[in-house]
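So, here come the structures, one by one.
Common to both upcoming complexes is subunit A, partnered first by subunit B, then by subunit C.
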Partner chain A sequence: MHRFLLMMLALLGLIGTAQAHFVLIAGAGSNIPDLEKQQAANLYLGKPLMLASGVFVQPVDVVDTELRRDFYLHLTSQNLAMIDAYWAQLQFAGRSKPLLKLESEQEVIDFVRRRNNAIGFISRAALPKDKSVRVLLVLE
Partner chain B sequence: MLAKHLLLSALAAMPLLAQAHGEETSSFEDWQLSGFYSLALTDQDGPLHFYPALSQFNSDYGSRPTYKADSVVGLQLDAPFNSQWSASSQLVLRDQAEYSKGDAIERLFVRYQPSEHLTLRAGRLAMDTFMLSDYRRVSYAYPWVRPPHEFYGYLSVDHFDGADIAYNWHAAGEWQAKLNVGPSRTVLPISTEGQDYRLRTRSQWGGTLQWQREALTLRAGYTTFLFASEPVTSGLLDQALDSVKPFWPQAGEIHNQLQLKDKRLVYKALGAVYDPGGWWLRGEVAALQNQSLWFPEVHSYYLATGVRLGAWQPYVGYGRAYATKPLLQLSEPTGYPPLLQAGISQTARGIEQAVNAIRVDQHSTTLGLRWDVKPGMALKLQWDKLKSRPNGNGLLGGGNAVESGAIRKNIVSIAVQGVF
Partner chain C sequence: MNRSVQLTLALVVAAGTLLLSGLVSWISYVQRYDEEIRSGERIVQELVQAVRKSAEIAAFTGNNQIANDVVSSLTASELVSGAQLQGDHGLMVAQGKLDGSPVALPLFAPFNREQQVGELRAAPNYPALQASARRGAGIAALWLFALSIMTGIVVYTAVFMVFSRPLTRLSRQLHEILPGSPERLPVANEAPRNELYRLTRDINGLLNTVELVVNGERALREHITELEHRLRGMFERASVGIFLINKDGRIKTHNPAFGELSFHLHVQDNWMDILFAQPERLHGMLQRAVMQGQPQMQDLQLAEPNEGQWRHVVLSYSGEEQGEALFQGLIYDITDRKQGELVMQRQADYDHLTGIYNRRAAEMLLPQRLQQQVMRKGSLAVLMMDLDRFKHINDNWGHEAGDQVLVEIARRLGLFRAPGDMLARLGGDEFLLVVELGDRGQLAELASRIIREVGQWISIGPGKQDYVGCSIGIALFPPHGRRADELRNAADRAMYEVKRHGRNGYCFYEADETLYRVVSVEVLRAPRED
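Here is the complex of A and B:
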């Protein structure tokens, strides 16, 4: 009965799908510590975070997709129109470097694997099983 | 010159600095080309011409619907060299810019961020005295089709060539203090002889202090400079004043007050934004002071609010700007022979008319609707109802027409604005 109700709610679009669970990842060799939700929100709103090595954490974004929309809503409680308008201020006023936008979750995984100071977000379902990336934060 | 030297030196040092940081060195894959645009159709009724900024003073936007008033395209290249060093350049295409004089280059700077708290930039940078100053042409970033006219219409300087330093800290909220120094060059088409006036400044510096906590942001801004370029006074006016000086001792003093060069100008501003998400409220107050009769001295403010209903965002606002200097009324000497007396009086009335024509005393009510069609693109409809008082039309262009009476105008715009 419980499973039937969940299925019905999912069909009606009243509850999220697996896409609504995100993980924030870094490369396996990265020394970026686990992050609190507020720290992750700060990073994706353009506030810098410097590691002990003197290098800044580089958050990477993805092109406009459902993944991106749901991630920002979960992390900052803001829709994409608000996020894009906010970043347009930072970027075109020259206050902050724009976030690099990658094409797919696989590109995010590849990027953080080879860039030790980078972090990215992917859906939990896309998390590779080979331990080549480390989960810094789970968003549910 | 100093800014150019700093910029070239910093660019030359980039590869060495990048190598020094080893594995975190950025590559070409980190370079980003992006941009913003506004494609807008603006129509207006009533006498004189509404124009969005002083840099579009010579416009002839009043006679028919125009796409020129509020349309703009900007391209930006961001090039990170490593974690701490990066460069950025921005080209902006708009109506009434003089590209041959470098007006298209709005930004060209190197950024160095040695810590989470400190950022230094050098090169061509945006003025940021008011809250929207450093992104005033990026209309996607704010609710309106254009920044409030009473407030941003007389902001004459877009960028400067120099350096700034910003320091951020946390104490019951997020703070940022910023100082900037460097001269600016802006073409203002306000000459009476058909020649554009290149506003050059010297001894320019300024700063901002910002505090932000949750939904509330408060900000103070200050900028001052000396005009470094020649006055705008027409040759005709110069000649007329020279010819009456022997008979009107006060004419020399008036001539001096009409000069711009070496006169000081000061902008002071306070702003606030409250944006909890579902709705927003924002406003600014400012004072513009200067020592020349040829530039308006103005107090201004605006207040606007809007609600977010999904992708729809209706908004209303009110703005006011008014001159703080009294109307210029000259008392010329009398008792000369009729022909000479007529010449002196005509010169006096001509100066009064020219100076009083730049006085500002207007207010407008704005009603608009923003629809975020898709990520990065918004459609906006806006109606501004503008009223001026007698001798208060300084923010309205008129070509050769002089209109000193109170006027009413409606300005209607439809715009597609976005980023890419």
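Here is the complex of A and C:
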């Protein structure tokens, strides 16, 4: 009985994780258009995107491993090890800077509020109720 | 075409090896060259694959740095002549030349195989590739060529050692051996028992046989030569003439003695007709020799100027040679013997005192004369004569005187002898005259004249003279007898009748004794000169 319950719980947990919703956000005043999932993936794999104003979009990452893992899994279908190895290669050979890593979802929200060219990702649940950030893409 | 096996073998092996080596090396070179080129192209593709990930990152992010690294690492290889990386954000990095047919690799976004972000191109360095291929294929071909040549040398050496050199040596040794000599091919005991060994043994066997045959033939030839020498010596030195002629008498061969005995007339084809007095006898001998199949021999007198010489000739038919009948001939000089025979015959037939026929000759010749007359149907008369007073001469004057008288009487009787007549002294004072007369009158006349002539004076020494008388009995052929003894007996009987009647008379034989009529002849003698 207990076993059954545990399995059910694990299953529910998995569903919950898989169904964890992420949103890609930018500052409310940002002129960054809504993004396709592919565009988002390109941005988070280091592909530069220049806005009409001649400014490059700056994607920001998070430290929280669990959050990152789920996000990248959703976005690129790759696990973190692959993503990190990719970035290491890009960093080493391409002398590129790695993405800025922020401590929390709140810091992400704050960062995009301040920088018009920045984008970030947070869980849907962490999305503020006010109109200070704009959702560019919803990952389900 | 006087080329040794060794040389031929060497040339064939050399030519074959060179040809095959060249062919194999060429094929190998062509294949190897293609392989090397393809291998180079594959390596370039692999190189491109190896840098694909970096190239994709560079193309995806438009990262010039990575793109440079990628292109540099490709062109660092000798096999790549040029490379180009083209990506998003106007990324375009190129190095070297990109002509020819470069390898093109499409680049995709990392983790997304559907989003093409650029292309990587790399051109193989064909000149270098070709040089490398030439080098590699050349070395391989060279090794193969060398290997083939070595194989050829090894094969040739093996064949040379095992086969051609022993064969050449065998040939040379055999060439130096004189057939029939006791020399043999050397047979090494340690030699392998192969075909060459058997060949050598067999050749020696043949040489043995040849020597036996040759020695046998040589001995036979020596024997024949010696025999021929002896026979030739006999032929050359013989005193008898030996010759071979055809049926026309033409000389085929002859020995020196024949030349001398024929006075070298044989150089002319008609030598027989010139040499012999009666050549027809010789031609007859030739015919008889063929018909009778037996040797023919005759004593033949030579013709002038050698008429005093005689030859004994033996001819025998010796068969045909090339369609021509041939005769063997022997010729001896029998002149001495023949002359001796003539003397002896003379002594036998003639009375040595008076030189007229003796009794023996008379007895032999009379039947012949009768035979001739039988054939001629002629007639003969036999006159038997006996001297009177001969005993008186012998007694008074001695035997020498008697002999003188007999010689003189024989001379006087010879005066009445016509050709064809025969006069003989039968012994003592008895004479026989055979004349070819049949007429009694003529015979009577002859007898009378004989009596008168015989009765004349006979000189029996200086100043010594005497005379004899003569009685004649006559028998006629054929009336008085047909055989010689009958006629002589008849003449004897008639003469006896004369003696009984008186002296100096003659009488014809009469079968009836009562009919005898003796005719006396008166002899008129000149007066004595003393």
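The rule we apply is simple: the second predicted complex is superposed on the first by the 120 of 140 C-alpha atoms of A that agree within 3 Å, B and C clash if a C-alpha of one lies under 4 Å from a C-alpha of the other, contacts with A are read in each partner's own complex, and residues count from 1 in each chain.
Just so it is clear, contacts are C-beta pairs under 8 Å (C-beta built on N, C-alpha and C of every residue); 3 or more make two chains touch, one makes a residue touch a chain.
Predicted model only: the values in this text are computed from it and were never measured.
Residue contacts after overlaying the shared chain place A:88 against subunit B, while subunit C stays out of touching range.
Once chain A of one complex is fitted onto chain A of the other, the partner contacts of A:30 are absent, as it touches neither subunit B nor subunit C. Set side by side, subunit B and subunit C differ in how many residues of subunit A they touch, and the one touching more is B.
Once chain A of one complex is fitted onto chain A of the other, the partner contacts of A:80 are limited to subunit B, with no touch recorded for subunit C. Of the two partner chains placed by the overlay, neither subunit B nor subunit C lies in contact with A:123. After overlaying the two complexes on the shared chain, residue contacts for A:38 are found with subunit C alone; subunit B is out of touch. Of the two partner chains, subunit B is the only one that A:64 touches; subunit C does not reach it.
By the touch criterion defined above, A:48 reaches both subunit B and subunit C.
On subunit A, the surface touched by subunit B in one complex and the surface touched by subunit C in the other have residues 48, 77-78, 82, 86, 89, 93-95 in common.
The residues of subunit B lying in touch with subunit A in their complex are 21, 23-24, 29-30, 32, 34, 36, 74, 76, 78, 80, 83-84, 86, 88, 90, 107, 109, 111, 113, 115-116, 121, 125-126, 128, 134-135, 138, 140-142, 277, 308, 311, 372, 374-376, 378, 419.
Across the complex, subunit A meets subunit B through its residues 48-50, 54-56, 58, 64, 68-69, 77-78, 80-82, 84-86, 88-89, 91-95, 97-98, 100-101, 115-117.
Touching subunit C in their complex are the following residues of subunit A: 38, 41-42, 45-48, 76-78, 82, 86, 89-90, 93-96.
Listed in rising order, the residues of subunit C touching subunit A in the complex are 53-54, 57-58, 60-63, 65-66, 69, 88-89, 109-112, 115.
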